[in-house]
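Encoded as structure tokens, the structure appears first; notes follow it.
We call the chains A, B, C and D, going by the order they appear; numbering starts again at 1 in every chain.
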Amino acid sequence: MTVRLQPEDFDIGAEISALTAGRTDVGAIATFTGICRGAEGVTAMTLEHYPGMAEAEIERHVAEAQSRWPLAGVTVIHRFGRFSPGENIVLVVATSSHREAAFAAAEFLMDYLKVSAPFWKKEERAGGDDGWVEARHTDAVAAQRWAADKPEAAE
Amino acid sequence: MKLVYFAWVRERIGKPEEEIDLPASVRTIGDLMTYLTGRGEEYAYAFENAKVIRAAIDKTHVKPDTAIAGAREIAFFPPMTGG
Amino acid sequence: MTVRLQPEDFDIGAEISALTAGRTDVGAIATFTGICRGAEGVTAMTLEHYPGMAEAEIERHVAEAQSRWPLAGVTVIHRFGRFSPGENIVLVVATSSHREAAFAAAEFLMDYLKVSAPFWKKEERAGGDDGWVEARHTDAVAAQRWAADKPEAAE
Amino acid sequence: MKLVYFAWVRERIGKPEEEIDLPASVRTIGDLMTYLTGRGEEYAYAFENAKVIRAAIDKTHVKPDTAIAGAREIAFFPPMTGG
């Protein structure tokens, strides 16, 4: 498990290589990259986090993903600081022998990052109408589905 | 007791953290929010819609009825929007 | 839409960059990479395909994904030829403004690639026990779920 | 009519493709599989479990009851295992 919070950008190819180098049991790699969007006049975004708790929450959910699915490796990187539209914000990489586990773990981790990891986004908008992003109800719904879901049997 | 604030809770209160001595009558997170609301209009503004405010004790999510006894650091913040 | 069949390896970072360069409306990138595994004594794998039909089948399913979800871009690369364990075989990249569409499209495309794109894997195994890979029943089940699923509303 | 074979169908028949003239009585993909089965033991081996064999007409998946009239290229192959 690799969990990193950092202001610096990340290199998806390098993170994948770190999880696959020297092993031949990985058949599936699912990744998710979240990017700062420039929609609705947003000119920049600042990501605030709770140091210490953010790492702990992410690590707790990575451990939960590892207990639900047969994963070979997991990497989560979440940036903090001020970003321009088009910049990377978050990366999740999950590897497994089969694709079902890799996809499910990546989605599970993104769903929980959204509602449970202590990060807050503030947008700067053209015209000076800055504001904190409101939590999406659909994110809460997405996270709740895992509470009911049993993981599928490993193959 | 150390209190820490994030995002618009921090902005409304006007500081990121503070040390505070609490009366013994403040037993839960909910009690603490009520107590802070009485400390001044900046706190009243931050906690005006108390049911949306989230809390953590020593960096673990907790609910309003959680007891604060033994806590070293209590955090208040809005719903999270990371990822 | 980019669909390529090729013997050459691919560069995931470069394929992502090609879908995101110069635009700020992409908020989510889901990728899937399938890799030749060395499990159960497999020493190499040969991927045979039906030229012309393979491209057409993949393009048809990418178009279907684009009609189901609000996607900014899709890239599918499937290699053919002979591979050693650890080598890349297939890449799917789906971009969108939000993560639900990107994840769903990537999973949908992988599920259909498995059961509908004319590729066949033959494994070489230690001891000379070579053989064609049998289709997995679970892959057929995974593809069928999309027949019933309605896509979720775009946000 | 051009016939093309893939994977173990190709290996069993012993060739990747061939041109063939069909009698008018062969109207569907199913008829064609039956006809081919009678052409020799290599074909009989390839089609011995006909219900698992997939077919395409001009590079589009078809079912056994699909008519072959007008087809330029018909393909037979096992269940696909790509991805």
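By our rule, contacts are C-beta pairs under 8 Å (C-beta built on N, C-alpha and C of every residue); 3 or more make two chains touch, one makes a residue touch a chain.
As the structure is a prediction and not an experimental result, all values here were calculated from the model.
Distance between chain centres (mean CA atoms), chain A to chain D: 47 Å.
Between chain C and chain D, the centres computed from C-alpha atoms are 27 Å apart. Centroids of chain A and chain C (each the mean of its C-alpha atoms) stand 21 Å apart. Between chain B and chain D, the centres computed from C-alpha atoms are 72 Å apart. Residue positions of chain A touching 2 or more other chains: 34, 99, 110.
In chain D, the residues touching two or more other chains are 83.
Chain-to-chain contact here is organised linearly: an open path runs through the chains from one end to the other. Interface note: chains touch in the pairs A-B, A-C, C-D. Considering their complex, residues 11-13, 16, 20, 23-39, 85-86, 97, 99-100, 102-103, 106-107, 110, 136, 138, 142, 155 of chain A touch chain C. In the complex of the two chains, the chain D residues touching chain C come out as 4, 6-8, 56, 59-61, 75, 77-83. Within the complex formed with chain D, the residues of chain C that make contact are 34, 47-50, 52-54, 56-57, 78, 89-90, 110, 113-122, 132-135, 139.
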